[in-house]
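Here subunit A shows up in two complexes: once beside subunit B, once beside subunit C.
== the complex of A and B ==
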């Protein structure tokens, strides 16, 4: 079946956000575009101000001039952001924004501030979510974001505009989430690269435009059926997309990816803003942030009654995943610190796993292929049918 | 001899290995061909030698499984398996009860833990660095100007107290050259580098846990100094099969025999016994060794005993 035009357009936006932004500007003269660093900024606020918020992607180009600004022990994504900033590849944004406390992303935002003349706003969303003051602090920061975007657009943001923005992103995320649920159930045949393109394009595009294309792409998609390939859960890559060739190798080994908790996957689509008509939209956005970590835990957040490891095991049970592949970006401290807990929990649950340390500069694919195939063989040979 | 003939081919980075087994898993023939680089000609030579020695042609084979980095290049292979699965399968057959297989090949090294059933439990392998691989030993041999075959004996004669700070295959050569410039004894240099490599292998083992009995396979297992220093680093006896280079190809041949998708089939290991006399010496786990002849016969080792050291 030929690929739909809609799917092609989603892929183009995902792989060349700069071209998408240029096209969007041509259709929306005078409107602003803000580059957003992951992971938790509520883009609804920006959209309500008439601004297009675009999550900045790793453009996978080799880090050259950026090396002068950030040392090797920064993760590849942040070094790539520094390189993009140093070489003018962020110039299509009117301003940049960081809403999270990652020390490495802070480095990238500092570089962007140092080398460019555009505004860089840093507002830190509280990461400790179990404290009595958390709700108040979240509300304060959300209010600051609103104020900043009112200044940027030069007009107040009304509740009606906020409501429309919430509805637009919710509708897009909900549709994406349905695709992920269908994949976990074995009802679709989307490859991990296709799904990544769908999610990354959602992180880049206007949500209404994205959803319209997604509806069209999904309508043209063949239904799938669960087969006997080894079912894989991908875990990690908390704030940027893994390289596509890595995802391709995983399925070339005879496995099928059935679920994930990647930033460029389920982590982005899992939580909708819990808005009910008539309520204060800013309050709903605050709850969205507080509850995201419950819906899909993140090691950068602190919440006493939430565990990524417990969530991961539940997720494998829901999807029937037989193995877990951890995709850990080199020098991603939150992931590195939490990984021993994940490993211990999966070992205790008898779920085979493989740790793949990813790097911006590339991956030795043949060695990786061997390790992945060995994991698949191990899973096959431990299936009851072959015992 | 039992009916059925099965071929296992291990196409590695520097050598091609082929093993033919019969339906009972008995080895009928084997070959090891040094290629220098992955080559179809070298692979075909290994296959031809093994088939010729067994008096067979390809049409006599009931199944072929290939493994190694060039596994997808092997013609006629009904199925491919990774070296990890094949080394575990072959080694578990040669040395029943093995719990940890360390395979050091031309360009990579692997630590594989093996369960009661002879299947892979966990594994780790180097993926970015040639440190601790056969390539690293080649660099050392070239730097100290001795044939690779004599490197182990040279290292065993030396003292291992020199400091080797770089384990990068490129920078270590520079370091060795500067040691030579300081008139350090070549045997001491070789010995110290072997010690440093063993420590590197230990780091790989730490990723899967240190279990005994330990078996070393791959071409590097033929280097007595590598075995000595690894044994010392692990603080455990390290067993080397009589033909450590063909365990992967043997495992592949057994998997071809085992049938589709690696279904384990009961094996008569007498064939392997004949081909590979049981190596003397095995890990001591506290049991009484009096009266033991040093072979790994049934009942001499509690196969359920696993000693996790670093988990």
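== the complex of A and C ==
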């Protein structure tokens, strides 16, 4: 069955965000577009100000001029960001903003500030979420973001506009999450690459437009049932999408991806802003940030009673995943630090796993294919023999 | 075409040319005594705290605790070439070799400590491995994280907490990164600085509550004031000594000051600490009076940017000196370790302490770092910058290329990069440093022969060899 036009448009936005932004500007003359860095930026506040906030993607081009600004032992995403900044590939944004304290992301943002003439605003959301003062500090920073967007748009942001923005993003994320939940429950309609396109396009597009297209794309696809391929959970890639060919080769080895915790997957869609009509929308946005780490733990946050390893094991039980493939971007320190905890927990639970270090410049796929095939074999041997 | 061949000015000398400060040997003894005391702290009834980041030791001193600074312990192991067993234990546990080698070494110690705890009640790092490890780090009773700048720092202690099964109480101090969003932002000024200072100060008050609960004793504020009085004085003497090194030729070098980091970073605030830095300053003054320089035949004055390569401290010191290159200043020395003692009000030291934690040299945006680097390059009469591209320290290396460009654009100062690491010798690239250092020194020679001079605020463009 030919794919829908809606799916094609989502894919186009995911793979060419600059073209999407250009089109959006053409339809919204005079409106601002900002680039925001992953992972926790409260885009609702920007949208409420009439500004389109676009999560900046790794555009997968080779790092050229960016090499002059960041060392080769920065992660591929941040080196790519520096390259985008150095070559004018961020010039379609009126400003850049970030909320996450990742030292490599800050390095790339500092390069963008140095080589460009646009504002680069860093509002540091507290990452130590067990602290009794965390809620207050989150609220303060969200207030600063509100002020920044009021300056940018030249008008105050009303609670009504915030409410509408929350509802728009919630509706979009909720629909996406339904797709992920259905996949975990056995629906194999969508390949990991198609799902990645759906999520990445959501990170780029206006949420109402995105949801309308998503509804159309979902309606055009018949449900596919899970077969007996080896069921894989993909874990990692906390702030940017893995290369598509990597996702393809996983399924080519006789496996099916049933769930993930990737930034370009469930990690983005897992949490909705917990807003109920009548309450203060800003405090709901603050709670969204605080609860994201509970809904799907992230090793960049410090929260003593929240465990990514426990979440991962629960997730494999929910989806029936038989193996876990860790996708660790080379030089990602939070992932490197936490990986042994994941490995220990999965070993204790008897779940086979494979660590794949990914690189911006790509990885030797055939060598990876062999390793994946070995993992699939191992999973098949784990299966109970027929009576 | 005629070319002017520079004289072989940068050829290395075969004679030793370093004149290290004699007093640093005394510092070494004080440090050794400190560690020996820590190793027996549990036997003497003291609780032991593991901490990372800014120098919280005066708080722990006032609370009657024994303290272990994780980075310092990793650095000590590396400097003594004893990091291997800890790093091996970390690697076996699953830590990737590209992870911050301070954290990898320290977490390896944690893993060994857990193994050691299988041996009843010792609380000592793997007794069975002790001969190899040559370290006796006691297991922690508490963790405190006080990391500014580098995001890995906070995550590192959280993972330590998990390695110990979440059984050791932990406290986090969060530090806003001094990014410089607002128009009034600058070094030690602006509303961002003021707000961040108050925020961290308030967390120190919370930390005191935590320490009171954990020790079961009221916190001794007088002891904190007393300790900070000594530390402030030591910091002043250190600054005065650093200022003396602006003399030409310089009486002491960056490497001498590297040897003085441990005392200012984590030794107890007491009269011995003040005496030590008084002696450091006195020896430097005596050298000036006697015409003794830190590098015999000083010919080049260099700035070193990057965290220290602890495996190679003596080696690097000699290597630069062989070329007549006096390394005089660096971000890790001039812009760290109680470097602004005037901020400390000894009767109420918490705000000044908080401010120093914020002043970690990795906690600034590149604009402020440019300001500090240019300031120091000018005041020390720097000819060139050596960037230690510290493989596993993304915090220090991130802004280095911007700093190199700024130094060239604003002061006409050339720079080189070499690769190494804080605590993993495998990343050090000897030949790269050799060839690049020689090339830069020759470029400086050529420029001198041509009569070029650094722009140094005079507005004259410099035509450097390309």
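The definition used in the following text is that the second predicted complex is superposed on the first by the 384 of 387 C-alpha atoms of A that agree within 3 Å, B and C clash if a C-alpha of one lies under 4 Å from a C-alpha of the other, contacts with A are read in each partner's own complex, and residues count from 1 in each chain.
One rule holds in what follows: a residue touches a chain if its C-beta (ideal position, glycine included) is under 8 Å from a C-beta of that chain, and two chains touch if they have at least 3 such contacts.
From a predicted model like this one, the values you see are computed outputs, not experimental measurements.
Aligning the two structures on subunit A places subunit B and subunit C side by side, free of any clash.
Vertex at the C-alpha centre of subunit A, arms toward the centres of subunit B and subunit C: the angle is 80 degrees, rounded to a multiple of 10. Applying the stated contact rule after C-alpha superposition, one finds that A:381 touches subunit B and leaves subunit C untouched.
Shared-chain residue A:4: touches no atom of subunit B or subunit C. With both structures placed on the common chain, the touch criterion links A:189 to neither subunit B nor subunit C. By the touch criterion defined above, A:283 reaches neither subunit B nor subunit C. Once the two complexes are laid over each other on the shared chain, residue contacts for A:74 go to subunit C alone; subunit B is not touched. In the overlay built on the shared chain, the residue A:87 is in contact with neither subunit B nor subunit C.
The partner that reaches more residues of subunit A, of the two candidates subunit B and subunit C, is C. The superposed arrangement places subunit B and subunit C with a least CA-CA distance of 5 Å.
When the two complexes are laid over each other on chain A, subunit A has no residue in contact with both subunit B and subunit C. Remark: subunit C residues 93-96, 98-100, 103, 145, 149-152, 154-156, 158-159, 161-162, 166, 170, 172, 174, 176-177, 179, 181, 199, 202-203, 206, 362, 365-367, 389, 391-392, 394-395, 397-402 touch subunit A in the complex. For subunit B in complex with subunit A, the touching residues are 69, 81-85, 108, 117, 119-120, 123, 125-128, 261-264.
Put simply, subunit A touches subunit C in their complex at residues 68-71, 73-74, 101-104, 106-107, 110-111, 113-114, 121-124, 126-128, 130-133, 137, 299-300, 302, 304, 328, 330-331, 333-334, 336-341, 343-344.
Looking at the complex, you find that subunit A touches subunit B at residues 364, 366-368, 370-371, 373-374, 377-378, 380-382, 386-387.
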